[in-house]
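Can you keep this structure in mind? I'll have questions shortly.
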Amino acid sequence: MVINRWLHSVLDAGRRLLPESITRSGDRDALSKLEALCKTLISSRGEAMGTALASEALKAYHALSVEQRTEFFFKLLADFGASEADVRAAIENYLDEPSGVGAIALHHATEAPRQMLFRRLNMAPKGTYAVVKMRSDLLRLLKQHSDLKSVDADLQHLMISWFNPGFLELKEINWRTSALVLEKLIAYEAVHSMTGWEDLQRRLAEDRRCFAFFHPAVPDEPLIFVEVALTSGIANSVDQLLNEDVDPSAAAKADTAIFYSISDCQPGLKGISFGNFLIKQVVFELKQELPNLQRFSTLSPIPGFSRWLFDEQREQPLEDAESEQFAPYFDPDSEAAQDPAAITALMKLSRHYLKQAKRDLYPFDPVARFHLRNGAALGACHWSADSSARGKKQSAGIMVNYIYEIDQVEERHEQFVNHGEIAVIPRNRRA
Amino acid sequence: MVINRWLHSVLDAGRRLLPESITRSGDRDALSKLEALCKTLISSRGEAMGTALASEALKAYHALSVEQRTEFFFKLLADFGASEADVRAAIENYLDEPSGVGAIALHHATEAPRQMLFRRLNMAPKGTYAVVKMRSDLLRLLKQHSDLKSVDADLQHLMISWFNPGFLELKEINWRTSALVLEKLIAYEAVHSMTGWEDLQRRLAEDRRCFAFFHPAVPDEPLIFVEVALTSGIANSVDQLLNEDVDPSAAAKADTAIFYSISDCQPGLKGISFGNFLIKQVVFELKQELPNLQRFSTLSPIPGFSRWLFDEQREQPLEDAESEQFAPYFDPDSEAAQDPAAITALMKLSRHYLKQAKRDLYPFDPVARFHLRNGAALGACHWSADSSARGKKQSAGIMVNYIYEIDQVEERHEQFVNHGEIAVIPRNRRA
Amino acid sequence: MVINRWLHSVLDAGRRLLPESITRSGDRDALSKLEALCKTLISSRGEAMGTALASEALKAYHALSVEQRTEFFFKLLADFGASEADVRAAIENYLDEPSGVGAIALHHATEAPRQMLFRRLNMAPKGTYAVVKMRSDLLRLLKQHSDLKSVDADLQHLMISWFNPGFLELKEINWRTSALVLEKLIAYEAVHSMTGWEDLQRRLAEDRRCFAFFHPAVPDEPLIFVEVALTSGIANSVDQLLNEDVDPSAAAKADTAIFYSISDCQPGLKGISFGNFLIKQVVFELKQELPNLQRFSTLSPIPGFSRWLFDEQREQPLEDAESEQFAPYFDPDSEAAQDPAAITALMKLSRHYLKQAKRDLYPFDPVARFHLRNGAALGACHWSADSSARGKKQSAGIMVNYIYEIDQVEERHEQFVNHGEIAVIPRNRRA
Amino acid sequence: MVINRWLHSVLDAGRRLLPESITRSGDRDALSKLEALCKTLISSRGEAMGTALASEALKAYHALSVEQRTEFFFKLLADFGASEADVRAAIENYLDEPSGVGAIALHHATEAPRQMLFRRLNMAPKGTYAVVKMRSDLLRLLKQHSDLKSVDADLQHLMISWFNPGFLELKEINWRTSALVLEKLIAYEAVHSMTGWEDLQRRLAEDRRCFAFFHPAVPDEPLIFVEVALTSGIANSVDQLLNEDVDPSAAAKADTAIFYSISDCQPGLKGISFGNFLIKQVVFELKQELPNLQRFSTLSPIPGFSRWLFDEQREQPLEDAESEQFAPYFDPDSEAAQDPAAITALMKLSRHYLKQAKRDLYPFDPVARFHLRNGAALGACHWSADSSARGKKQSAGIMVNYIYEIDQVEERHEQFVNHGEIAVIPRNRRA
C-alpha cells in the first residue's frame, strides 16, 4: 500500500514535468498524444524523465481502442524503423572494407528505433508486463496484418533477451501461494481446464506438485506452469488423476512423477520457449525432495490424432483400416460401441500416428514434437484416459506417456534434432 | 546450503551428460576445451544441456590465465563474429528491395554469434555476474588490444538490455544489511574511501542514509550506491560529515539531504549509466520518509580542477593570476600558507573552472558534467571541505554543491544537453 | 518441503529413543499410553527428549475419541494437580512467617504440574496450536463436566501468557495472502458469513481492508480478523456493503472507515481478548495509509434485541408499546408489513434497549458491551440494514454504529468501566 | 523506516491521552512518575491505553540511575507483591475444603501483581527485550540485595513461559546475516573472544557453521549461539581451529563436527536453559546438510581444573603428585618447561578431575556438568589445545572433547541425572 502511494507521488511529480504540449490531451487525439510521448521517450528528454514519460505512454496506449492500437502498430512500423539512409551508408562502409567493426556498425544501423522505445517503456512501473501485453495485442493482429511482423520481430528479439532462462525463477505453487497467483492458474490452465478453487485445491494437495517459472520484474504473473501427480507406477488416466481422492501418503511411497499438464500463461511470450527448461528443473527439484522417485513421465494428449486420421490427404495408409468406422469413438456425446477389436485397432493407429506421421523430419503431432525434441522417449498409449469432450474429439480419449530419462535426454535430443529419430521405451519398461 | 547442494547435483548430473570429447580435459589444453564448450553451447545441443554446458564453460574460463583470456577474446573476435557471406547475402537482398523486413534480416545477419553465446552463458548459476566479470576482464585489455572493441560492443549491447533500469531494485542499505553486501561497500567506495567496519557503521547511522541499485539475478552485488547525510542547512565539509558524532535526532529535524558520495561498483558495467536514475529515485524515497526535507544537494569533489589549473595548454586565461602561486595549496603534505587573498582567488577560480572550462559544449570536469546533465544546478563552492590527500591534490580541498530541484530538473537537463547551459543557484539560495 | 522432511527425521530419531515401554503401544490402550507419555514428559527425561516425547503425546491425544479425551482431561484433573501435601506444607510455612518469599513458595506449590505438561507439549512441532485445539476440545466439555474448569483455568492462564498482545503481529489480509490463510477467513467469518471465494474476493477488493492478528508460532492461523469498508459518510446498510460493486476509487476519496465484521477464529482462545487491541491498531494503520480518513465507526449487529424485546421478565417497560405487534418484523420469511409508525417505534426501542437494558452496570447486549468498553460511543441506528435471516431474527434488520474517536477512547473507557456511563454521539454528528 | 514512523505516531497519540497527572513530569521525580505509570498500567485504564502506557513506563525506567532502579525494584518488592489479606483468605478457604479449585484460587491469590505489570510492559514496542534487560539489571543487584530475589522469581517465571523452546527459532548465522546481528556475536562470544570482523568472518567461512536461537519478538538479539568446525577426525586444538586457513573443500569431506564455542547472549535470561536444545537441533541440522558427518563432538575448556588442582581443601588426593610442581604450566607468561613426565601427569590429572571431582553427585566442572547432563560422553583430553591466557590459567591449555552420540543421549542423560554416572568413550574411539 505504502509502495503504491510512493509510486503515485513519483508519477504525479513526473507528470507535472512533462512538456505541456504532451499533457494537454484536449489538444489532440489519443493516438497523436501517444505518438508524441513515444518520440519524446526515445529522445534525450526521455533520459531525464523516463519513468514518468514511459508511464504516461503506457497509460495512453491502454486507453486506445483495438482500431487505434492497430494504427499505432502501423506507426511503429512506418516511423520507428531503421532509417534507410543510415542503413545504406553503413552498407557502403561495410562493402568498402568488410570487417567485424563494419558488421557491428551495420548491426546498429539496422536496429529499429522502436527497440529503444520498448526498452524505455520498460522503465515504467510494471513496464515489463505492459510490453508483454502489448505484444500479445500485436500477435492477435498479425493474421490480418502480416506487415506488422517486422514490429513483432523486434518485440520478440527483446523478449528473448529479457526472458533469458538465466533470469527466471522456479517457484513451487501450493496452497500457501497467494490467491493473486492461484487465480491465474485457474485462468491459464490450457490442457485440463479447472472448474474453480476446489478443483485447484485438489491439484495442489499433498499427492500433487505444481511448479511455475516467474520473472522477477513480473512477480504476480506465472509464465508457464506444470502440474505433477505423484504415483506408484505410471498413471494411465488423467480422468482418474483429476478425480481421485487425495492420498496424503502418496508422496512418501511414490516411485513415479507424472507431468499431466503444462500450460503457457503469456500469449505475449509466444515463441520464447520455457517448457524444456521447466521440465528439467522440476525433475531435479522433485528428485531432491523425493529421492524415491524413479521415473518421470508425462501423461499427454494427442491433439493431432483425429485431424490426421480423418484427413483425406493423409500420406500414411491406415493399413487395413477405414477411418470412418472409428468416427463414433471421437464423438463426445455418443456412448460409443465398445468394440474390442476397434479399440485395439485405434490404439495401434495412435502409436502408428505418433511414430510415422511427420512433417519434414519431425512428428506431425505438436505435443509429441515438443517432448521428443526435449529428449523424452515415447512410452505407452492408454485407452479411455481422457473422457473430456476435447479428449474424445482429439484422440478418442487416448493419451500417451513421454518418458524423461535424464541420463538419456541429451543423446535423444541430438538424435531427434539431427535425424528425426524417435526414442521408444521398450514395452516391458512402459508400465 | 540446501540450495547449493541442489545446484551441485544438477550440475553434476549435467556434467555427466556432456560429450566425452569435451570433458576429457586431459586431451587438450584449457583454451581449446573452452572453445569446444562455447561452440557446443551455441549449437542445438546447447538447447538441451544449456545449464551444465554454460556452467562448465564459465568454470573453464575462470581457470584461464590473463594471457589465455586475451587469446580467448581474440577467438571470440575471429570465430564468433557475423559470417561475411551471410552479411553480404542479406545486403544484396536489402539493396534489391529496401524494406523494414530486409533491414531486420540484415540486422540478424550482422548479429555476431557471440551474442548468443553470452546469452547462453547466462543460463549457468550466477551466470549474469560471470558475464559482467568477463566484460570487466575484457575492458582491462582494451587499451592494449583495441581490436577487441568489437567484442565489447556486443557485450555492452547485452548489458544495456539486461540492466535496463526497469529491472533494477532500489534497496536501502543499513546496519540490517548482510555483511556480504556491506563488505562490498567498503571495497567499492570510490570517492571517500572507508577504513573498515567502523567507518562504514558511522556512514550507516541514524543521521545518514545509503541506497543502492541491485539486479535480481545478482542479488549480492550492489551495482551503484549513494551515501546521504541528513543535515540542517547545506553541508560545506565532507571532513565534518565523515568525522562528526552521530546525531540520532538529525533525521527528524533535517531540512537538507546531502549526497556526499556516489560509487559505481561494477567495472564490467562501464557505459551503462545508473547514477541519474539512482539520484532521482533516492530523492523521492527520502521525501517519502522525511517530508521535512526541503533541499537535495550533493557535496562533490572537483576532480579536474588542478589538472586544468596547471595545464599550460589551458584555453581559459586565469585573469590576473599565475597558477604557480597556488601550488602549495594542492600539496597534501605541506601546511600551506593560509593566505586569505590566495584562498579567495582560488575559490573564484574554482567557480570559473566549473562554469567556463569546457570540452565542446560541456564542462571539462567529469563530476560537473554528470550532475549538470542530470538536471542539477551549480551551488556554492566550499574551502577546506576535503582535507584528504586526494581532495588536496585534485582541488586544494575545495568541494562544490550541485543542487537537485526536482521541478526544474527536466528543463535544466534539456538546456544543458541542447545548449550546454549551466544552471546556477543564486547566491542567496546557496547556503 | 525440505523442512518437513527434516522434521520427520528429527522425530523419527527421537521416537527411536523413546523408552520401549512407551512405544510398544500394543501393550496398552491409547489412553494409558498418553498418560505414560505425559508423566515422562514432566520428568527429567522430558528434558532430554522433549521434542520427540511431546510430539508423540500430541499424536496420541489426536488419536483419542471424544470419550477418551474426556477421560484424559479427568486424569489431568485428578493426577496432574498440585499435591495437597506440598500445598499444606507451603501454607504452614507461610502462616509461620507471612512474607513475599513465602507467598512465592506457596504460589509454586499451588501450581498444578499440568501447567508444566502443557508447556512441554509446546516443544513439539506445531505444539502451540495443538494446545490451543486441546483447550477448544476441553471448552466443549465444560458444560457437561464443570469439574474440568480447574484444568481450563490452567490452560487459560497459559494462553494469557503465550498470547500476550506484545507477541502478536498485525497483518493486512488481501488477495496477495496465501490461500491457506484465506480459506480460514471463509470458515471463521462469524458475523456475515461468506458463500465462497468470490464473496471473499469482494471483501478484499480495493475499497475494502482486512486485518488479522497472528502469533509467530501459529503462522497459518489468524486469531481474529476485522473487515473494513472505506466509504464516504457513515454506512447504514451491511446489505449494501456486501453487495455493491467494487469502487476502485473509493479508497482515495473515503472519509470514513466502517468496521463491519469482527470474527474470533480460535475457540481455544476464549477469554483471551484481542478485539480491543485489533481495532485500535487498525485505526492507526488505516490513518497512516489513508490520511484523509476522518471517522472510524462500526456497523454492528444488535444480537440481543429480540431476546430482550420478547422477554417476559424484561425489566424495562416498553413505554406504550406491546412487543407482540413487532413480531412480524423479526420473521425472516414474512414480507413484513412496512408500517412506518411501527418502524419508528421499533427504531426508538432499539436505542432504548442499547442505552437502558443492562445487567449490573453494563449493557445487556454483548456487542454493545464490547465496543463501549473499548471506549467507543453509540452512534446512529439504521433500519433495513441487515436483511439476512439472522439479522432479521436478532434485531428486525436494525444495525447500529459504534464510533471510535481516538482522542476520547480512554476517557470513555474509564467512564464506562467505572460508572457504566454510555457515551452517545450527538444526532448531528451521527451521519 | 516507515514502520518506525508509524510506531512513533501511535505512541505520540497514546501519550497525548495519558492522564495529565502522569505526563506532567515536572511535578514529580522520575521514580514517582514511573511508579504512577506502573500502577495505572495494571489498572483497568491499562487495558485501554496499554501500549502507550507501557512505552512511557519503559522510557521512564530507562532514564533512571542505578540507584533509582534499585529503589524501583524495592518498590516492586514492597508494593506489587501478593496481598497478605487475599492470601490469608484463600488459605482459609483451602483449608476448609482442600481441592483443586481451592488450590487454583490460592495460586491466583499468591501471584504478585508485578507479574501482571511485566506482562503489560510487554505490550510496548520492543517490550519483550526491555523486560529481559530489566531482569539483567536486577540480577546484578541481587548479590548486594538478596531480598530482591522474590522479584526475580516472578521475572524468571515469566521468562520461562515466554522463552519456551517451542517459541524459539533456530537460524544459521553466516556472512549473509545482518551486521546488526553479527556485531552481537563479536560482543557476546564468551569462550574464545573475537578480535573483530575479520576474526568473525573466519569463523563464518565455508568450513565452519554457526547457529543461534532467536525469539520472534526479539528478532535482532541472538539468545545463544554455537560455533562449529567441520573437520576430518576430531580436532585437538582450538588454537588451530581459530587460526588455520579456510579450507573451502572441508565441508564436503568432513566426517566430524566440532562444537568449539557455545555462548549465552542474554544475562537477563539466566536460568532459562537453551544450550541443550540448541546442540541437539544443530546436530540434526548438520546431519541434514552434510550426511557424511559421523561424529559430533565439542572441544571444550576445563574451567575448574586449576581451581581444583591448587585447592588445599580438595577432597581427592593427587595420588603421587604435588600440585605446586605444575604451577608454571598454568602461567600464561612463562615459557613453561616442557617436561614430558609432568605433562603426562597433568593430562592424567585432568581426566581424574573430570571423572572424580564432584559436588554431590555431579562433576565439579561446570562445562562437564552441562554436557554430561545433556547426555554427552567424555572423550579425549588434549595438551596444548588452548594457548590463550585464559586457557593457560584455567587448565594449562588442556581441552576436552564431549561426544554426542545421538542414539545414546537419552540413556546417558538418565544415568547421569539419576546416578551421576559419567559415560566415557573407549580410548580406541576417541580420535
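Going in written order, the chains are labelled A, B, C and D, and every chain counts its residues from 1.
Basically, a contact is a pair of C-beta atoms (placed from the backbone, for glycine too) under 8 Å apart; a residue touches a chain by one contact, two chains touch by 3 or more.
Because the structure is a prediction, the values reported are computed rather than measured.
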Comparing centres built from CA atoms, which chain ends up most distant from subunit C? B
Which whole number of Å gives the spacing of the CA centres of subunit B and subunit C? 56
Whole-angstrom distance, CA centroid of subunit B to CA centroid of subunit D, is 47
Whole-Å gap separating subunit C and subunit D, where each centre is the average of the chain's CA atoms: 36
Going by the contact rule already set, what residues in subunit B reach two or more other chains? 2
Answer with line, ring, star, complete or other to describe the graph linking chains that touch. ring
Chain-chain contacts as defined at top: A-B, A-C, B-D, C-D
Quick one: which bits of subunit A touch subunit C in the complex? Just the residue numbers, please. 1-2, 5, 172, 175-180, 182, 196-197, 201, 289
Of subunit C, residues touching subunit D in the complex: 6, 9-10, 13, 16-17, 44-45, 47-51, 77, 81-82, 84, 87-88, 91, 94-95, 98, 100-101, 103-104, 106-107, 110-112, 119, 122-124, 127-128, 149-150, 153-154, 158, 160-162, 164-167, 216-217, 276-277, 281, 284-285, 287-288, 374-375, 406-407, 409-411, 413-414, 417-418
